[in-house]
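In the two complexes that follow, subunit A is the common piece, with subunit B as its partner first and subunit C second.
What follows is the complex of A and B.
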């Protein structure tokens, strides 16, 4: 099985930042992939499959985050997660 | 005897033994080394995690049944955290590699998360720290097999004294066992206050540090009317409060007979007594008390306890339940009346030095049309099930009223286009709680179907007093002549335009003040459900002429103190059995 490595940079666009609901969406999404996915904010790196980890980032609107995935399905994992960020987690915007 | 002053958030008087919850909840033995082998220690913890998960699921269900799905959601969030696989890895690591005991590992790892959350700048995360504490407590309970002194386990009725209550603690409050609540922190809009009011448990919050003064089983009085807590009352005080309580109870028994009688003065002037409610489950208790309807349905609970905004369906279910329970009686719904700080809206909350003059209430709704529309859509949809009336809080300028009405019309059109039937005769009103609205009321009145005077905020804004601030709290007097004049002016202008005026602040919970308002011309009062029987009794004991004479004289007094003394004196003369020795 090939080990792939994929990265992306995203910005938190939804107004309320990474609170419970978006964090839960991220955990659920990352959980569907075999790859390890991490989120890095200003050097702090957390497991994207851990809701506690994501909450610890305290990422508010406008935060820039680096995503890293490592594993057989790294590319599609990153694509799925970037899409969640780009849609602002489907939260109502102003 | 020691008397403390806090903020009264839920009326009633409780007398009993204190049960103290210290700041950390309780102490655990922090022995580091496990006595058995690491593998077994880890299995023991896994069993505790499973049992904690089962308990959380049960709590979620129980809370959802009692207080609605939104608050039940708190436990769904806790469950997600408990089942976090990273958390499990960290715990296992400490146990397997560093020979920690399960208890010590739990306490180390969860304290680490709680501290990280508290450090974070966003307020929603700081609140999650309380969830982490709940989880820690549950796990330790499962491990030691000894129930920690939690609110779930209380056997003898007691008064809870605590630094603050976590959402998990408030959710298991049983009004039969918890006589009263007093906490060091918290405010009128907080979680503890809202749940206490919903369950009718007398509560005083924001007392400041006092737990160190209490010993277990100290006797304590919580006066939820005056915001007073008395530790080890002397015999005289205790007797006085016991007599008051006895008196209240005997009145209460007598009052149940009044349930189906109208609130009419003895000469036949009808006063509508409506109820102020917080939760969808309160409709029945309004009917049990003989309410003429719901005069103020606060919708804030929908926004507390979960960071995600409530969906239209959440709103709709909460509204339609009350409308159906009230069986055709009017239900006045108020749109969101919270401050940005209470809603975890971090982009705004940070900049608020003075939240009461900041982005709150209708201002917040108009700044967030998506949020506002969702709520309005649900209200308009629920209106097809009964007599819903909609009012906007904290209206200060005509622009705000017009924008709010415009949004409401456009939402109604959207709904019609989608095929919903939307009534076009829903009364739309505004709350009068900012002095500017009273000054400009002749203009506002042309554009509303009713007005409701919110005396809590009107008093605060008219007298420039923050009622949560102990240093000036004594200046906060709803019977201040300045406030009475604002109420009178509002009533005069509204009545000239044949617009109905109600009063929905805490002021009208007091029989003497309620009779004064009736004397001033007010015919609709909206009060705590528990206050309805007493007010009905008071109104049925007097003539309208007596109320008017009382108002005429009260309006000529100079100070709040004089008004208060005069009203107490009048009440003693008119309805002697109603007077409670304070």
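What follows is the complex of A and C.
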């Protein structure tokens, strides 16, 4: 199977930041893909399939994050996760 | 943010008696009432709010850990407590396992940053197996306090 590599940069837009509910949505979304997905904030890299990992980012509104996916479905994984960020996890952005 | 910034050491519960999700939340909130961190008149409302939050998705995040929480106007600063259940309690956790370690948080409605920093600290420490093991082995409130202080001093790395 071919290994693809895909990246994107996103900004946390919802006012509550990456609290538990968005973190959960990210884990669920990333878990549907075979690719490894990581989120990087200022050099700190965490597994997008780990809720504890995501929570350690402490990412507040306005925070810029880099997404990286590696695996057979890397492109769709990044697309799906970027979409979640762009929708602000369907939470208020104020 | 350190544990000492938001954990009420007078409200720690090393030996939880509850066996259900709702009762353990009540037990933890009661501890915050007894320690003077939450007003008795807000007790029922806070428990209701936490249960309502649980309905949106369990805060049992796996590894035997649950972080029930809510925002409430009754507190002026973020406050929390820690409880340990040796038997474990069914908390509808994401990984299907019982929760043994509980971090209950009540935060003012307008301080999302503080809530995130508390979650950041809790999750960073919980990733460390030694920290989790010592917390499960705690017998007294003082044991937990000492462990949290050691975590604050970075004894468990990150």
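Simple rule for what comes next: the second predicted complex is superposed on the first by the 93 of 94 C-alpha atoms of A that agree within 3 Å, B and C clash if a C-alpha of one lies under 4 Å from a C-alpha of the other, contacts with A are read in each partner's own complex, and residues count from 1 in each chain.
Please note the rule applied: a residue touches a chain if its C-beta (ideal position, glycine included) is under 8 Å from a C-beta of that chain, and two chains touch if they have at least 3 such contacts.
Keep in mind that this is a model prediction, so the values were computed, not measured.
J.: For A:82, select first, second, both or neither according to whether it touches subunit B, subunit C, the two together, or no partner.
T.: In the superposition, A:82 contacts neither subunit B nor subunit C.
J.: So in the superposed three-chain picture, is A:40 touching just subunit B, just subunit C, both, or none of them (first/second/both/neither)?
T.: neither
J.: Of the two partner chains, subunit B (first) and subunit C (second), which one does A:91 touch, if any: first, second, both, or neither?
T.: first
J.: Between subunit B and subunit C, whom does A:29 touch in the aligned arrangement: first, second, both, or neither?
T.: Neither partner.
J.: With both complexes superposed on chain A, which partner does A:8 reach: first (subunit B), second (subunit C), both or neither?
T.: Neither subunit B nor subunit C is touched by A:8.
J.: According to the stated criteria, A:58 is in contact with first (subunit B), second (subunit C), both, or neither; which is it?
T.: Both partners, subunit B and subunit C.
J.: List the residues of subunit A that touch subunit B in one complex and subunit C in the other.
T.: Common to the two interfaces on subunit A: residues 15-17, 19-21, 24, 27, 51-53, 55-56, 58, 60-61.
J.: Quick check: in the complex, which residue numbers of subunit A touch subunit B?
T.: On the subunit A side, the touching residues are 15-17, 19-21, 24, 27, 47, 49-53, 55-56, 58, 60-61, 91-94.
J.: What residues of subunit C sit close enough to touch subunit A in their complex?
T.: 56-57, 59, 61-63, 65, 67, 69, 94, 112-113, 115-117, 119-120, 122-124, 126-127, 158
J.: Taking the complex as given, what residues does subunit B use to touch subunit A?
T.: 77, 80-81, 84-87, 113, 116-117, 120-122, 124-125, 128, 306-309, 344-347, 367-371, 374
J.: For the complex, which residues does subunit A have touching subunit C?
T.: Touch residues, subunit A against subunit C: 15-21, 24, 27, 51-53, 55-61.
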